[in-house]
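Heads up, the next two complexes both have chain A, just with different partners, chain B and then chain C.
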Partner chain A sequence: MSEPAETANQVDAKGIVVGLVGIYIAGISGIPYLAFLAGIGAIFATKMGADAVRRVCSYGIGTGVPSIGMLALGMGIIAAMFGLAIGKMYKAVFIGPIVGLVLALVIGFVVGSLTNKVIKLNIPVMERCLTEIAGAGVLVLTGFSVMVAGSMDFTVIVEKVITTGYIAPIFILGALGILHPFNASLGPDETQDRTLVHAYSCGAIAMVIGGVCSIAVIDPIAGIISIVIGLAIWYATFMGFVRLVKRDAGAGYVGTGLLPPGAM
Partner chain B sequence: MTDITIIGMLMEHWVSIIGIILGGICIAVGVHFVPVGGAPAAMAQATGIGTGTVQLAAGSGLTGLLAAGYMYMTLSAAGTPGISEVILICATGAVGAMIMITVTMLVGNWVYIYGVGVPPASAKVDHDPITGDSQAPYVAPGTVGQGMPTVCFVSGAIGGLLGGLGGSLVYCMLMWVNGDAAISSIFAIGVFLVNAVLPSYNIQGTIEGFHDPKFKRVPKAVLACFIASLLCGIIAVIIPGMSAFGGV
Partner chain C sequence: MEPAMGMGLVALMGAAATVAGCSEDLESDIGSQSNPNSQVQLAAQVGYPHRIFNKAISGEPPSNAMYCAVGAGVAMVLIQSVNASPLLAIAIGAFVAALLNGVFSTTAYMGRNASQTRFNQYVYLDVLRNQLLSLMGHAYITTFCIVGLSYVMWHHDLIGHPFPFPVIAMIWGLAVGAIGSSTGDVHYGAEREFQDFKFGAGLNAADSGNITRFAEAGIRSSMDNAWFCSKFGGPVTGIAFGMTVFLDNWRSTAFSGWTAVVVGSAIVLALIIYNRQIETYARKKYGPYPEYAGDIEA
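Our next item is the complex of A and B:
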């Protein structure tokens, strides 16, 4: 694992700030054409989760990387829905994402402590990384739910995202965005920028699918805006990923066919 | 809707919290019974099913949830299900999960026996505790067993039973609280995943079944999952269903 270009604090700060700002603009403005901003927030949150997965899984957790991504969204879904429901119960819709985030950080810290203190996995960064992963999970779920529903209101999200079943693709694609980048890139030559640019492209795929879902739910034009922006982000980041793969390929690369001379 | 308060919801639904904790502990113990081999088993170099704990637990748990959800729908036509209905629903969920996990093990064994060409054998015990068959001569050199011998198969079926039972119990308890199938099922999946991943760290990814020495670690997972389920349960029962908001 090489020296990181971005420290954990920088990645977390960007993930939380961009994630929350995106969710709030999309949720409060009430303009369906701005719903894609929540998706962009969720992409940054995906990157924050992927960076935490990268740090904790480089210790070797023995169960495979996917387990921790599913754990993130398992904790995230409970906290996200709790936050939105509390906002509705106290008639203050805007506190929802913050309450969900804070609760997820608490659950993540408790589960991280249980893993280290009770199960004795003894990974020094476990508490911190599970806290970040749970936070990323809640921001990803809230972000994509707000993007699909175009609102932060609990009843609207239940009606348009959960009852319709669109929560299932959001859940799995959100988890994939967090767990897949490191799972695909792990190994002795893993580099942070390559893993994280892959996280952006996974998040963008989730955003495109979320856009397809929102065509039926809110406004066709808002859905198409999300799809087009998601595709543009995916293209840019995936091309960046391919460029970094070529940069990191020690023995050179060929598009197809036999390995180049000297690589064997 | 003004009378919905956090304390009120907690006071009213404390039974559901206990149910969620019981369900979570069932899931945690169930994970220890399922023969998980991980990546080595996928290459027929270790005993068990060739994938990770979470995939197996999620697969059997979701099959159980589907079965339980269907049963709940059928039984709730006559009114809100009581204790006897909940027992029936949990039994349906347990059977659904058992069918999924046993079919996975059966077809996996066909692939190991007829495709890879290895005899199912356990490296953790000399003689199969159920059939008494000798195991050591059949373990290929350089591996830690392969396939699913009888004891692993039986153990896996018990794991599916406990996993399905726990998942369905969590689902029923949430349905009592919010009465909304969509919210309850997605929450049950969340609680299920948390309670499946924590034990999978406890067994460090692989286990053969109840005859494996790692099975002695169960109490640690039960304690961890008790705390985690308590936390999840308290949060989950506070969330009211749509009907409380006067929605659909």
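Our next item is the complex of A and C:
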């Protein structure tokens, strides 16, 4: 694992700030055409989760990489729905995402402590990384749910995202966005910039599919805006990923050929 | 609903599930996902760089759940917003899911091989091009069948399951991935890779990674593995998943209430006893490894 270009604190700060700002603008403005901002927030949150997975899984958690991604969204969906429900209960919609985030951070810290202290995995960064992963999970789910529903209101989200079942693709794509970047780059020559640019591209795929779902839910134009912006982000970051693969593979990036000399 | 109609739907779902199971297993075999992946990932590190597709998209259950949930989500958008015919909508949904399969497979192959540069593992673009369309094609078939059977299960005029359409598809996607991973992949991960070892010989650590090197003729490719697994591993996954879908829906369609629960328990019990008998029969017939002289029950 190479030296990180971005520190954990920088990635977390960007993920939480951009994530929350995107969700709030999309949720409070009430303008469906701004719903895509919640998706952009969720992409940054995906990156924050992927970086945390990268740090914790570099301690040799090989087959646990997918499990940890699913764990993130498992913790995230409970906290997200709890937060939004609290917002509705106290008739203050705007506290929903913050309450959800705080609850997720607490759940993540507790799960991390249990893993380290009770199961005795003894990985130094476990508590911090699971806290970040849970935070990323809640922001990803809230972000994409708000993008699809165009609102932060719990009743609207339940009616338009959960009851219709659109939560299923959001849930699984959100989880893959967090776990796939590091899982797809597993190996001793993994680099942080390649993993993180891949996280953006996975988040953008989730944004595109979320945009498709929001065509049926809020407004065709709002959905198409999300799809087009998502596709643009995906294209740019996917090409960036391929460029970094070329850089990291060096002379090993070949069109075709036999096995390398000395390998037979 | 008439009983004949109900049984017809159950049979249709079972048939779709059989095809889905088979194509799911072959898709994962071409990409060496799940069970055999650890050997493929390990091979370069023990000095055996290879030309096998390394498709690490999480485990099979989450990745298939993703294709099926996305396929069903897109199909539902088309049905709800433009009133598309269900068959066309499911076909388009499965196509979108196959595209996602292509993107995730590409990034997994490129990323994993680029992360093993120090072991002389190359990123072969022809390996990527040759396998990618087969992967996407098989993923399309799987998604189409699963989303189709989920639609039959969800639609209120047909079976009328209370869960939303994409959630049913996601659950069946998880199921087909889990069954492919536990049934068919064993044929690749255990049988194909170690077919020249004697029964009960175990795997010497020094033989790790050997499995990626030679096929019947020349260097082994992922297509050779699909050819091998399509003879047994794929169909057996199809039968396993088809039976799961068929027997589960059959008992709840033909019976109701507690009778259905009792019939379900009886089926599970019968299968457990049958499996145990096959296992003991195989161990007795093919015996312990010839050079083994211990007295532990084989």
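We adopt the following convention: the second predicted complex is superposed on the first by the 250 of 264 C-alpha atoms of A that agree within 3 Å, B and C clash if a C-alpha of one lies under 4 Å from a C-alpha of the other, contacts with A are read in each partner's own complex, and residues count from 1 in each chain.
What we mean here is this: contacts are C-beta pairs under 8 Å (C-beta built on N, C-alpha and C of every residue); 3 or more make two chains touch, one makes a residue touch a chain.
Predicted model only: the values in this text are computed from it and were never measured.
**Student:** Counting only touches as set out at the top, which of chain B and chain C does A:167 meet: first, second, both, neither?
**Tutor:** both
**Student:** Check whether A:82 is in contact with chain B, with chain C, with both or with neither, and answer first, second, both or neither.
**Tutor:** After superposition on chain A, A:82 lies in contact with chain B alone.
**Student:** So in the superposed three-chain picture, is A:70 touching just chain B, just chain C, both, or none of them (first/second/both/neither)?
**Tutor:** A:70: touches chain B and chain C.
**Student:** Would you check which partner chain A:248 touches, where first means chain B only, second means chain C only, and both and neither mean what they say?
**Tutor:** second
**Student:** Return first, second, both or neither, reflecting whether A:111 touches chain B, chain C, both chains, or no partner chain.
**Tutor:** first
**Student:** Thinking of the overlay built on chain A, is A:120 touched by chain B (first), by chain C (second), by both, or by neither?
**Tutor:** Only chain B is touched by A:120; chain C is not.
**Student:** Just to be sure I read the superposition right, which of the two partners does A:158 touch: chain B = first, chain C = second, or both, or neither?
**Tutor:** first
**Student:** Who touches more of chain A, chain B or chain C?
**Tutor:** Between chain B and chain C, the winner on chain A residue contacts is C.
**Student:** What residues on chain A does chain C touch that chain B touches too?
**Tutor:** 62-63, 66, 70, 163, 165, 167, 171
**Student:** Given the complex with chain B, which residues does chain A contribute to the contact?
**Tutor:** Those in contact with chain B are residues 61-64, 66-68, 70-71, 73-79, 81-82, 85-86, 88-89, 103, 107, 110-111, 114-115, 118-121, 154-155, 158-159, 162-163, 165, 167, 171.
**Student:** Where on chain C does chain A make contact in their complex?
**Tutor:** Spelled out, the residues of chain C in touch with chain A are 38, 41, 47-51, 56-59, 62-63, 65-66, 69-70, 72-74, 76-77, 80-81, 96, 100, 103-104, 107-108, 110-118, 120-126, 163-170, 219.
**Student:** Which positions of chain B touch chain A when the two form their complex?
**Tutor:** Those residues of chain B that touch chain A are 1, 4-6, 38-39, 52-55, 58, 180, 182-183, 186-187, 189-194, 197-198, 200-202, 204-206, 220-221, 223-224, 227-228, 231-232, 235-236, 238-240, 242, 245, 247-248.
**Student:** Tell me, which parts of chain A touch chain C in their complex?
**Tutor:** On the chain A side, the touching residues are 62-63, 65-66, 69-70, 163-169, 171-173, 175-176, 179-180, 183-190, 194, 198, 201, 205, 209, 212-213, 215-216, 220, 238, 241-242, 244-245, 248-250, 252-260, 262-263.
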